[in-house]
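Two complexes follow with chain A in common, the first pairing it with chain B and the second with chain C.
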Partner chain A sequence: MANEKRKKLTPVQQEYHLFEKERETKRPIVRNCVCAFLVGGIICVIGQAISYFYMYFFDFTEQTAGNPTVATMVFLSMILTGLGVYDRIAQFAGAGSAVPVTGFGNAVISAAIEHRTEGFVLGVGSNMFKLAGSVILFGTFAAFVIALVKTIATQWGGL
Partner chain B sequence: MLKGHRTWVFANKPAIIATAAVGGPFEANGRLADDFDLLHEDLWLGEESYEKAHRVLIEEAAFQAMEKAGLEKEKVQFFIAGDLINQMTPTNFAARTLGMPYLGVFGACSTSMEGLALSAFITNYGGADYILTGASSHNAAVEKQFRYPTEYGGQKPPTAQWTVTGAGVAIVSSKGDDGPRVTAATIGRVVDMGLADPFNMGGAMAPAAVDTIEAHLRDMQIDASYYDLIVTGDLGRIGRQVSLDLLRQHGIDIDEERYQDCGLLIYRDGQPVLSGASGAACSAVVVYGHLIKRMRRGELKRILAVATGALLSPLSFQQNETIPCIAHAVAIEYGGEA
Partner chain C sequence: MIAVGGCAKEETEQKQSLQGANLLRTQTSGTAKHAELNQGPAERAASYLRGRDDVRDVVAVNSGDRLLIAYQIPHMKRWSRKQIEKDIDQKLRDLFPGYDVVSSSDLKIFWKTKELKANMDNRRWDERKVNREIRRIEKLSKEQT
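Right, the complex of A and B next:
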């Protein structure tokens, strides 16, 4: 917990915090990092293989192969999510399966499945981006800010 | 009769004449599978939504208990129960099916003992002959409301717990001459030690359990060794250790073997439940399914069931509130004179 938050607590609460922390099972950070590296790496290798597949067997260049590759990866992640496998991989892999685009696909489809019982419009439609919505919003906003910085730097900065 | 500050002693010792426990697929693979009356291999229970499946769990447990007690539902005067879902719709809807006069109670995961304490109080003073009480939870419905979608790939920390799918109910009666008897109940107060991590409920709830156990022993002027078993609701591995150490720090000598947690009894070691089980059904199915059966077999004479509840909502957590917790204790005895 952040230090600022801790300051608001009474001395008794702070004492209990330390007491409880000592007995808490720690997150195995090193193990989590290794797992995330391996699984994340494997996902990327699969993505690279699909990318080559599109370049060799279809009329794609290295630049244009990106879009069908992402679509395929998201599709695969949706299948795995629907079969109930992705969340199990994720418990093992952590950031390794959350950071790649497959994790984004999982966030969307899991919410869509979850809210299916509330109907297509108010359930699936309005809840599908419950988790992924903030990624889209802040991703777009960050891209806008970066583009603004770049424009200012090239136009007036003389770069 | 009030004894001490917040303990009720029931002079007429209402009996628990019948109990029933219903579970889901995860519970069927657990350690206590044999103690359930009914186990489902599918989380959906053949219903269209998890919330409807949740309602069915309660209904099935209620009908099982009434069948065992040999009671028509018209004979049962009150139904006192609760769950974790918004506005408690599963229990409310089950009450619609049952058609009994109904009191919905919410104490998060402490609902089971809150209901039992109230039922015992009412029957003790002649307010009813038979009361049906219980608590339930459904893993997927609870996950959906409190955490992420079921299939969402988020890594849970080792302090997280697994919500039990199931329902546990008991029929409390002033008339029964057979069965374990409710002798006392201590009502908990809300304790907030400033923990805010919803993936570490055990750590947050431990002080509430300790507070209630201490109050119970002080009010009753008894020693912890009076009970064959003091069982907490769903503290899990971390909460149990923390509460055990806290009790010892407060000078209450307690035998580790006789201090168990429902959240650790229900599943096998290999099951991926991280720190243990939780949920309103956790204490309900373990006490009403497993422990009452052990009492009937004569393995346990006196138990103190301390159901622990974390009174948070997804909203309060997002608004950076800490987690207030509560614990209610009920003493159940078997084999003594009525």
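Right, the complex of A and C next:
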């Protein structure tokens, strides 16, 4: 808690805050980072292997193999989410499974499963992109900002 | 399964290419020297590129007024891939003004050019077939989607 906010607390609240701080379960940050790194890395290796598969067996170049690779990865994560496997991976890997593009497939399908009892139109249809919607919005916005920075850097920055 | 299947049938030369080094250990020229077509320009282009430190492996073929060059950029230098590609393309166009130069750092183009060169080396393909394959690779290198 920020110092500014802590000053506003009553002595009893401050005492409780210290009491809580001593007893709360510590987050294993290093372990979480290692797990995320390993699982995220494995997902990327699988993605790279799929990319080489498309390049080797079909007429895709390094540049064009990206689209079918992303589609395949998202599709696989959707299947795994439906089977309940991806949830277990996510419990272990945390951000390692959420940050790659497979996390997008997981966000779509998990929301659809969660709201299926509300019906196909108002349940699944309207809630499917509840989580994934923000991924699309901020992903598009981030891409725009990065493209803007790159354009400025290359046009006027001499890069 | 897909991931394993993707790697299962790779030929030795492609494995070497993925690993990076020693691609041209068995054939040091990097051009289809023994083919019926004169590979002088391709040989010169390959030796020029091999001298650059931002190029790892090179393979080049030429037929008629077409010169096809595929090369690999070292992994850590791929940050400035576009710039290297632009520079190499410009240099090759200056070096071979009478040729329609097609250069690419794409791995698929590299594999295809390597395959074409091997077929030319073994004298399996005639000029018409080579030209057709070069045109096909050129079209593939310009593919955007």
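Throughout what follows, the second predicted complex is superposed on the first by the 135 of 159 C-alpha atoms of A that agree within 3 Å, B and C clash if a C-alpha of one lies under 4 Å from a C-alpha of the other, contacts with A are read in each partner's own complex, and residues count from 1 in each chain.
To be clear about the criterion, a residue touches a chain if its C-beta (ideal position, glycine included) is under 8 Å from a C-beta of that chain, and two chains touch if they have at least 3 such contacts.
Note that the structure is predicted; figures quoted are calculated from it, not measured.
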Fit-or-clash call for chain B and chain C when the two complexes are aligned on chain A: fit
Chain A residues touched by each partner, larger count belonging to chain B or chain C: B
Partner chain(s) touched by A:128 [first = chain B, second = chain C, both, neither]: neither
Which of chain B and chain C A:43 touches, first, second, both or neither: neither
Vertex chain A angle, Cα centres of chain C and chain B, expressed to the nearest 10 degrees: 160
Partner chain(s) touched by A:16 [first = chain B, second = chain C, both, neither]: first
Touching partner for A:86 - first (chain B), second (chain C), both, neither: first
Chain B versus chain C as contact partner of A:52, first or second or both or neither: second
Which superposed partner A:114 touches (first chain B, second chain C, both, neither): first
Which of chain B and chain C A:60 touches, first, second, both or neither: second
Smallest distance from any CA atom of chain C to any CA atom of chain B, in Å, after fitting: 23
Chain C-touching residues of chain A, taken from the complex the two chains share: 45-46, 49-50, 52-53, 55-57, 59-65, 67, 72
Contact set on chain B toward chain A in their complex: 48-51, 144, 148-159, 192-197, 200, 203, 206-207, 237-238, 241-242, 245-246, 272, 275, 320
Contact set on chain C toward chain A in their complex: 2-7, 9-10, 14, 18, 106-109, 111, 140-141, 143-145
Touch list for chain A against partner chain B, complex: 1, 5, 9-10, 12-14, 16-17, 19-20, 23-28, 32, 81-82, 84, 86-87, 89-91, 93-95, 97-98, 103, 106-107, 109-111, 113-115, 117, 131
